Every structure is written in C-alpha cells, then in structure tokens.
Amino acid sequence: MDWVTVVVLLALLQYIVFAVLVGRARGRYAVKAPAVTGNETFERYFRVQQNTLELLVVFVPATWFYGQYVSPTWAAILGAIYLVGRTVYLRAYVADPAQRSAGFGLSVLPITVMVFGTLIAAGWKLLR
Amino acid sequence: MDWVTVVVLLALLQYIVFAVLVGRARGRYAVKAPAVTGNETFERYFRVQQNTLELLVVFVPATWFYGQYVSPTWAAILGAIYLVGRTVYLRAYVADPAQRSAGFGLSVLPITVMVFGTLIAAGWKLLR
Amino acid sequence: MDWVTVVVLLALLQYIVFAVLVGRARGRYAVKAPAVTGNETFERYFRVQQNTLELLVVFVPATWFYGQYVSPTWAAILGAIYLVGRTVYLRAYVADPAQRSAGFGLSVLPITVMVFGTLIAAGWKLLR
C-alpha cells in the first residue's frame, strides 16, 4: 500500500461525492428518472459527474501505470493535482459553465502527462 | 487467478449484456443514432447501462484494491452482492424507474464499503 | 513493461484524442455547455466519445486480465484490433451513423473474446 493507491482511492471517493451531488440535485430540482435534462442546475451537476467519469476511466490506469513504470512519487503528486483540478472544476461549472476551463485544464494536464510519460518510458525500454 | 478476478469479469460480462439490451431496444423502438431519447422504454435501458458504467468505473479498481489490501474473500462476497444489486436494478428500473432505489443501494453499498475499507486500511498502514 | 501495457496506453491516448475532437466540435458548432445536443455533427462526435468510454471501461481490465492469465501476445494483438476498430468507427459514425456497425463490431469483438477467454481460463483453473 502506498500513496499512489491512496490518491487513486481519493479520486474514486471524490467521484462518489459528485454522484451523490447529482442525486441530491435530481431530488431538489424534481428531475424525474430517466430524464437527465429539464433543469439547468441539475444539468450542471450531471455534466460535472459525467465529465469526471470520462476522465476517471483514464486517470485510474494512467496513475497506476505511471506509478509502476515511471515514478510513484510523481504519480501521487500528479494525482493530487488532478484532485484539486476536479474540485475547482465542480465549483466553477456549477457557478458558471463558461468558467470551467481552469479546473478542466488542471485535471486533464496531469492525466495527459502520465499517459505520455508512461508511453515514452515504454517505447524507450522496448525499442533500445 | 482467484474468485476476485472471476467476480470482476462477471461484472464486465453483466455490463456487456446491459449494453446488448440497449442495442436491442434501439432497434425495437426505432431510436436512430445519435439520438438517445425519444422512447421511454429505450431511455430506461439506456439509463440502466449508463448508471452501470458510472458504477463499474469505481467497482473494478475498488474490488481489486480491497481484494489486494483487505480481504480477497470479502472482495468476492461484496462483488457478488453488487452483481445481484445490478440485476435487481435493471428489472426494477425497466418496470418503473421510481422503484429503482433498492437495487441501486444494493449495488452502491458494496462499492462504498470497499472504497472506505481500503482507504482506512491504507491510512492505518501509512500513518502508524 | 510490455506490449500489453503499450496497447492499453494507446487506447487511453486514442480516447483522449476523441475527447479533444468533441471539444473542438463544441466550439465549431457553438454547442454551449451543459448542452450535449443541438447540432447533429457535434452529437456524432459526442456519441463516438461516449461509446468509446462505454467500451474502454471494459477494455482496460479485460486486456490486462487476458494478458495476465491467458496470453500477453494475444492480448496485444486483440488490443490492436480494438484500436483499428475504434478508428473505423469514428470515421464511419461521423460520415453516417447508419454505417457504424463494422467499426463497432471490430472493437467489441476483441473485448468480448478477452472477457470470455479469461472467464473460461479462470473457471478451468478454479473447478478442476
């Protein structure tokens, strides 16, 4: 057990919290299942969760691979930046979707660095 | 190879079945791609698959971590509860979306237990 | 580090590219967040990314398990077929959603083979 695992688990927990916020918004703004539109605020929470799902599916294996093949310390640091980025994204998106870029970039950047970083390390080892 | 792997694979297989049901509903109720709305029954099958996707992205790493760091036996048991919960959820949601809570809870609970359980185990080992 | 890891990383990278295409289409066709409908071309790119997300969540663990328990060489080959299938799917879907079947089948088939293949291998080892 190491900090990489802890960061990945915290990302899973953060996503669960985002999903709970969607459920709460569904009740509060009376958006009945299976509808996922009809109230702007609900849609914002829903899109934050969906966007986090879209990143999480890459974040989990990317962090694990990067920690395994490049650097566990940097995997934990980049993972922590992702966590902060997602929190900024949630707050900005719910307040005003047009302001979502900063938080989006802050959470996409570490994922991209880890995917490319591991690919370069892999290519290096396989080709030399 | 162990029961944890088998349970995770069965969850992947169950999700594939849910996706096939969406494809069948798309044909049966004539919802043409890229539309994902327009027929209530199609939307129910679609939301069941989407909701399962939303959980699966957490379920797979959570079960793997919990099996690795806490208990493989309990990971397999909790994973099996998730599988049952998802089946209940599918049946209830398609019949009446308002009845989806029991199956939802039954599949969310084991995931939450495994995320928190592994985090507590991780915190314990890192901090003592 | 092996070819299985490289193929999984390339699948993550391909998915990031698909997400970038959605972001570009959002700007080009002026679909303002949180909306995900309103322009047919945007919706096609969006559905390609969503469909790839729906497969990726199964592809990553399936490839990993298959490479671990059945054959790393075949995992890499089947993973490469998935990558080609997704590229065909993108091109076909954006040109005409009705033509998406071939690319869809080409990317779903290797995933299904790997899930069933690992399950059969697992069942064999556990039951004999």
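We call the chains A, B and C, going by the order they appear; numbering starts again at 1 in every chain.
Rule of thumb we're sticking to: contacts are C-beta pairs under 8 Å (C-beta built on N, C-alpha and C of every residue); 3 or more make two chains touch, one makes a residue touch a chain.
Keep in mind that this is a model prediction, so the values were computed, not measured.
**Q** Counting residue numbers used by both copies over all numbers at the interface, does the chain A-chain B contact come out same (over half shared) or different (under half)?
**A** Homomeric contact, different residues on each side for the most part.
**Q** Cα superposition of chain A onto chain C: how big is the rotation, rounded to the nearest 5°?
**A** With C-alpha atoms aligned, the rotation comes to 120 degrees.
**Q** Please work out the Cα centroid separation of chain A and chain B, and write it as a whole number of Å.
**A** Distance between chain centres, rounded to whole Å: 19 Å.
**Q** Specify, in ascending order, the residues of chain A that touch 2 or more different other chains.
**A** 53, 57
**Q** Applying the document's contact rule, which stretches of chain A touch chain B when the two form their complex?
**A** 1-3, 5-6, 8-10, 12-13, 15-16, 19, 32-36, 49, 53, 56-57, 60
**Q** Where on chain B is chain A touching in the complex?
**A** 40, 43-44, 46-47, 53-54, 57-58, 61-62, 65, 69, 93, 97-98, 100, 111-112, 115-116, 118-119, 121-123, 125-126
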